[in-house]
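Comments concern the structure below.
Letters A, B, C, D and E mark the chains in the order given here, with residues in each chain numbered from 1 onward.
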Amino acid sequence: MAHAATAGRVPERGLDVYTQKVGMWVFLCSEVMFFAGLIGSYVVLRFGAADTWAEPGDVLNVPVTAFNTFLLICSSVTMVKAFAAAQEGDQRGIKLYLLLTTLLGATFLGVQVYEYIELVLHKSWQGSHGFTPAAGLYGATFFTMTGFHGFHVLLGVICLAWATIRAWRGHWGADNTHGIEVLGLYWHFVDLVWIILFTIVYLI
Amino acid sequence: MSEAGGHAASAADDHAHEHPKYMLIWLYLAILTILEVLVAFLAIPKWMIVVSLLIMAVWKALLVALYYMHLKFEPNRLRLVALAPLPAVAIMIIAIMMEYV
Amino acid sequence: MDWALPPNYSTFGVVIDQLFWIILVITGIAFLLVEGGIVWFCIKYRGREGARAHYTHGSNRLEIIWTVIPAIIIAVLGAYSALVWDDIKGSSNRPADALEFLVVGKQFEWNITYPGVDETLGTADDFTVRNQFHFPVNEDITILLESEDVIHSFFIPELRVKQDAVPGMTIPVWFDATQTGNFEIACAELCGLGHYYMMASVTVHSAADFDAWQASQAPAAAQ
Amino acid sequence: MATIVAEATGQAILHEEHEQSFLRKYIFSTDHKVIAIQFLIYTLFFLMIGGLLAMLMRYQIAWPARGELPLGGIFPESMVASGYILPEFYNALVTMHGSVMVFLAIMPMLVGVWANYLIPLQLGTHDMAFPRLNMLSFWAMVPAGILTLASFFVVGGAAGAGWTLYAPLSARPDLTGVGLGQILWLAALVFIGLSSILGSVNYITTTINMRAPGMTWMRMPLTIWSLFITAILALLAMPVLSAAGIMLIFDQTIGTSFFLPEGGGQPLLWQHLFWFFGHPEVYILILPAMGFTSEILSVGSRKPVFGYKAMVLALVSIAFLGFIVWGHHMFQSGMNPMLGLTFTVSTLFIAVPSAIKTFNWMGTMWRGNLQLHSAMLFAIGFVAMFAIGGLSGVFMASTPVDIYIHDTYFIVAHIHYVLFGGSLFALFGAIYFWYPKMFGRMMNETMGKIHFWLTFVFFNLVFFPMHGVGMVGMMRRIYDSTGYAHLQGIEDTNAIITWAAFGLFASGFLFAFNFFWSLKKGRKAEANPWNATTLEWQTPSPPKHGNWEEIPVVYHGPHEYSHPDVEDKDWLAQNERPDVVSPAAGSH
Amino acid sequence: MRSHFWNRSAALLAVAAMAACGGGDGGSSEAADDAGEATPAAAAVDPSTVGTISGMANFGGMVPTMEAIDMSAEAECAAGYGADGPMAQSVLVSEGGLANVFVYLSEGVSGAPAASGAATLDQVNCRYTPHVLGVQSGQDIEISNSDNLLHNINATPTENRGFNISQPRAGITSTQRFQVAEVMVPVRCDVHGWMQAYIGVVDHPYFAVTGADGSYSIANVPAGDYTLTAWHEEFGTQTANVTVTAGEMAVATFDYNAEMMGAEVPMGDALVLEHGTNRIRVERTQ
C-alpha cells in the first residue's frame, strides 16, 4: 500500500476535487447555517405573532421583486455561461458573460435600494408612516433577511467586477477556470438563498 | 486505507461531462417564478398556497444546486459536504418550533 | 462549612433529593474507580530504566463493556429522570384545584398577587404585596409566573422550586409544602445590577394562620 | 494536478524564506507556524486578563462587606466607589470573565494556536490550504480584542448581561445602564465568528484534501481528528451565533424587537439560538483538549492509544450529539417541558462517549512505561479533572435534580472542571509538549512540575468546594450572598476559595516566566525530544518555512510505540519505511 | 410604539460621539475643575440689575390622602418613620401650601451664568431627598446613599443621556450631569418600587422648588419680562407672566386643587404609578 504514493507524492484521496472548490463548499456550509439562523428566527417569530404580518403584496411590491428575482436568475445563467466559455477557452465569451453577470448583479442591488427607499419613505404600516426595520417584527425580519442577502450580493458583485477586469487582462482560459467556477458557486448560492427568501418573505 | 491507490485517476476533470442545458434550466426557473407569483394570489386556502410555494421554492433551489452548482456532476463525497449542514438546520428549526406544540 | 442540601419542605423535594443521592452514589463509585485507577497506574507503571510498555491497540471486548454498562446505567437514570420530570413539570400533571397566586418579577422585586378570600385570581378582592409570599401548608399551590422586564428566576431552595420568569410568558409552577416555615425567594437568573438583592420572604402558614393573615391584608385590598 | 500545485507552492514557500521583510515574516505572515505563535501570544495575554477579572470577582464574593479593594483607587468611580466594587462593575466582571475566557482565550488557544500549528505539520503538508485566509483569521481577532478591552472604558462600562447575553437584559440599555459596552462586545463577537469560520474552512479543507501520501483517515493522529471535528462544529455553530448576535445588535440600535416581548419578539428565541451555538461551542472547547491528551498520554506512556477507533467514533458521536442537546441549558427557562424530556435523554447519552474516552485514556496508561514529565502530568491531570467535570454533569442532565442545582455554583464548579481542569490543563500540557517544536528549546522541567502541582492543588481548592456551595444553594452571579438566610455559613468556604484562586492566578505567572525564560535560556531541543512518532517530530525544531524539503510518505498509524518488532528503540515514526525497520511493523 | 427608532439611533450616535471624545465622564475628578471655573461667573452678579421672584403654590379644597408604602421588607428603612409609617409623597400639602412644585423661568431668559456648585440628591430611609430637585444643565449632581443597603439610581431622560447606577452601601457617592435642559427627568430606584424623584434641568439658575409650606423664591433674576412655569408631578404645568424690576421682589402664585389630579404631566418617559402596589411602570412612549 505504500506503492503509488512514493513516486508522485500524491496527497491522500480527499474529495476528488480541487482544494479551492472544497474550500468554497465548506464555506457555503457555514453560510447555510447563517441564513438558517435568520430564516429559522423568521419562521418562529412569525408563528408567534402571525397577525402582525401583512398579506403578500399589501406592503411589499411583488411585481418589482419578481422582476428582480428574474434578474438574479438571469445572472446565474450568465455566470454558468462564463464558466462554460472559460472551459472552452472562449475569451470573448468569458468577457461578455462575466460583464453581463456583474451588471445584472448590480442592477439587482439598484432595484433593491429603490425598493428600500420606497418602503421607508412612502409606505405606511400599522399606523406609522414608513415601513422601517423598527416597524414590528415584519419590518425587522424583512430588512434583516433581505439586507443580509443584499450584502452578500454586494460582495459577489465586487468579486465579479474584479474577475471581469481580470478577464480583460486575459487572466482566465481553458487552463484557468477554477476562479470562475468557485466564484460561480458563491454566486449561485446567493441566487439560491434569494429563491427561498423571495418565496417565504414576499409570497407567503 | 486502500483508498490511497488509484485516486489520481478519479480527480474530477472539468471536461468530464458535457455542458448541462443551462438555458433550459433558466427557462424552468423563470416559469416557476411566474407560477409562484400567480399561485401566491390565487383564491385558495392559505395552507395550499404555502405548501405549493414551498414545493416550488425547493424545486427551484434544487435546480440551481444540481445544475448551476454542478452537484449533479460532482463526486458523492462532495455532495456529502453540501448536505452536511441540512440535518443541523432541520434540527434547529424543528426544535424551536416545538415551543408552539 | 456545611456542604449539604438545605432541609426539604416540599413533596417534590423528596424525589429530587432522592435522585440527587442516587446520582451521587453512582458518580461517586465511578469517581473512585477512575481517580483510583489513575493514581494506581501512575505509581505502578511509572517509567523505569529499560522497562518497555505493553504493546496493544485495545480490546474490542473492553470497549463493548465500557460502552454498554454506562449506557444501561444512563438509560435507567434517564428514564427515571424523565418520569420524575414529567411528574413535576408536565402540564398534564398540573393540579386542578390548586390555590393560585400571581407572581410578577421585576427589577428588583417580587410582587405577589393574592386571590383573596374567594380564592380566584382576577377578582375584585385580589391584593398585591411586595416581596412577601404567604401560603398555606399541605395544599397544592400554583403560581402563575410572569416578568415585567427581563428574565428572572423564581427560586425557593427549601421547596426545591426553580423556574425562570420570562417577559411575555405566563408560566405555571406548582408545589406543595409539607411543613410550615420561613424561607426566601431568591432570583437565580442574572437580572441586572440589583440581582443579588432581589429577594422576598416566604412564609408557609397553617391553613388557619393563612386565612388570618389574608384577612389582615384585606383593608389594604379594599383601597 | 492538484499535487503539482501543492509541490510548486511548497517550493515557492521554501524559496520565499530569504526574501521576506520583517513585516511579512512576523506580522502579516501567511506561515501557519507564525500565525499559531501570534495566536499563542494573543491568547496568553487574554488568559491573563480573564484571570485578573476573576480575581476581582473573587475578592467581592469572599468579602462583600469589606470594601477596601487593594489598588481600588486606580479604578474610576463608576467601577469602584469608596473601595467597594459596584454591582454593575461586578456584573461586567462576571460577563467579561466568561466572554474573554471562552472567546478570546480558550477557544482561539485550542483552535487558533494548535489547529494552525499542528494540522499542516501532523498531516505532512507545506502549509494550510488558504494561507492568506489563515492570516485574515488571526487579524480578525485583533479588532475583537481591541473592542473588548475598549468596552470597559466607555460610558456605562462593559457588557453586564452574562456571557450568555440573555435578552432582554442584553437588549435594552435602560435596564442595565450598559449601552455601548454591550454593542462593542457583540461587534467583537461578530469578528470572532468571522475569524472562527475562516479558520474552520481552512482546517477542514486542509484535512480533507491535503494529507500526505499514506495519511489515511485512520492513520491521522487523534489531535487531527479532534481538531477536524471541532472545525466542523465551529463551522456550523458560529454562523448561528453571528446571526443571533447581529439581531441583538439591531435590537439595541435600530429599534427592532426580535427578542423584546413588548414588540412581539421572543426572549426564548435568543436562548435557543445562543445554545444551538453554545452547546457545540462547549465541545469546541473540549474536543481539541481530548485530542492533545490522547497524543501526550500515548507518547508519555510509550504505548499506542488504547482503542483508537473507539476514540474516533466517540469524538464523532460527541460532535453529533452536541447538536441535539442544547436544550439542557434551558430546562428551567420556560421552554416547553416536552422538549425537556427529549433533551434529558440525548444529554445523558453524551455521558457514554465521554466514558468511553476516559476508560480508553486509562487503558492507554495501563501497563505503560509512564514518563511523568510536565506535559504528561498535565495530560493525566486532564483525565482526572475531566472525569470529575463529566460526572458532575450527570447531575444537571437529570432534569429533576437540575431544578435545584440550575444556576447555582454547582454549575460553576462543573463548567470550570471541564473548561479549566479539562481544556486548560490539556492546553498547558500541549504547550509543554510542543514548545520545543515551536521554539527549538525545551521548557524548564522543574518549573513545569512545580507549576503543575501548584495548579493542580489550587485548582481543586478553588473549584471542588464550589460543588458544596452550590449544594447549599448559592446562586450564580451573586454580588453579595450574605443577605440570604439559606446562604449563612458559607462565608469561610468562599474566603478559602478566593485565597486559593489568588494562588492559582499567581501560579500562572510561574508558567509565564518559564515560557519567556525558556525562549532564551531553555535547553536546545533536538528534532524529536520526546521520541514521538507523528510527522511534526520528523522535521527540524523549529520547522523551516514550508515545513518539509520533501513531502513525507506515511506508512504507519500515528502511535506506534513499543512495537515488539522494533528492537533498538520503542517508537516507530509514521514515515519510517517498513523495509528499513521491519517488515511486520507496517501492518497496522 | 417602535417608531422611536430614529431617536434611539440618534442617542446611540450621541453616546458614541461622547465616548469618542474621551467619554467616561462619570468620574468626579473633573467635577472640581468645573466648579472652580463656574464660581467667578456666579460671583459676578451685580445687585443693582437683579430682582427676586417669590410666591406660593396654594392648594385649595380636599387634600387627597396619600397611600401607605409597604416598607416592611426593608426594616432598616421602615424604622425611620413614625407610627403611621411611610406615606407616598406625590401630593404634600401643609397649611394650604403645596410642596415639591418645580418653578422655573421658561421664557425670556437671555444668557445666564454657568452652573456653579453641586446639587445633591440623597437617599435616606428608602426615599429620595429631595423629592424634586432642580439643576442647571451641566451642573454636578452629587448622588449619595445614606442607607446601608442597595439602591440603584435609574434616570430615564429623553433628551439627555440616562444612567443606571447602583450604590450598595452607605457613604458611596456618584457625580452625574445632564447637559441639556429637560423638564422633568424621572429618577427611580428599581429595588424599591416606591422610590421616585424628579430632576428639572434648565439652562439657567433661575428655578426653585416649593418648600413644605408651598413657598418658593428665585433670587438674582436680571430685570425683565419672563414666563414662569410651575411643574407638579400630579397636577401638570401652569404658567404665569412676571416682570422683574431691579432690586425688587416680583410675586407669582399658583393655585392647585384636587380636581386637577390626573392632568397631563410633561415628562421624559411616562411613569404610571400602579395604585395599590406601589409599583411604577415605565411606559416607553413616543
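Convention: a residue touches a chain if its C-beta (ideal position, glycine included) is under 8 Å from a C-beta of that chain, and two chains touch if they have at least 3 such contacts.
Because the structure is a prediction, the values reported are computed rather than measured.
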Any chain that touches subunit D and subunit C:
E
Along touching chains only, what is the step distance from subunit C to subunit E?
1
Moving step by step between touching chains, how few steps can get you from subunit A to subunit C?
2
Using only protein Cα atoms, the chain sitting most centrally is D
Compared with subunit E, which chain's mean CA position is the farthest off?
B
Top contact pair of chains, counted by C-beta pairs?
C-D
Report the inter-centroid distance (CA atoms only) between subunit A and subunit B in whole Å.
14
Expressed in whole Å, how far the mean CA point of subunit A lies from that of subunit D is 34
How far is the middle of subunit D from the middle of subunit E, if each middle is the mean of its Cα atoms, in Å?
51
Just give me the whole-number Å value for how far the CA centre of subunit B lies from that of subunit E.
64
Residues of subunit E touching at least two other chains
2-5, 150, 152, 164-166, 168
Where in subunit C do residues touch two or more of the other chains?
107, 192-194, 196-197
Taking each residue of subunit A in turn, which ones touch at least two of the other chains?
1, 4-5, 8, 10, 12, 14-15, 18, 22, 26, 29-30, 33, 36-37, 40, 44, 48, 132-134, 136
Sort out for me which residues of subunit C touch subunit D in the complex.
1-6, 12, 15-16, 19-20, 23-24, 26-27, 30-31, 34-35, 37-38, 41-42, 45-48, 51-59, 62-63, 66-67, 70-71, 74-75, 77-78, 81-82, 84-86, 88-91, 107, 149-151, 153, 155, 157-158, 160-169, 171, 182-184, 186-197, 199
Touch list for subunit A against partner subunit D, complex:
1-2, 4-6, 8-12, 14-15, 18-19, 22-23, 26-27, 29-31, 33-38, 40-41, 44-45, 48-49, 52, 132-134, 136-137, 139-141, 144, 148
Enumerate the contact residues on subunit D facing subunit B in the complex.
1-2, 213-214, 216, 218-219, 232, 236, 240, 268-269, 272, 276, 323-324, 327, 335-336, 338-339
Can you name the residues of subunit C that touch subunit E in the complex?
106-109, 111, 127-132, 148, 192-194, 196-198, 200-201, 220-221, 223
The subunit E residues in contact with subunit C across the complex are 67-68, 70, 72-73, 149-150, 152, 164-166, 168, 190-193, 275-279, 281
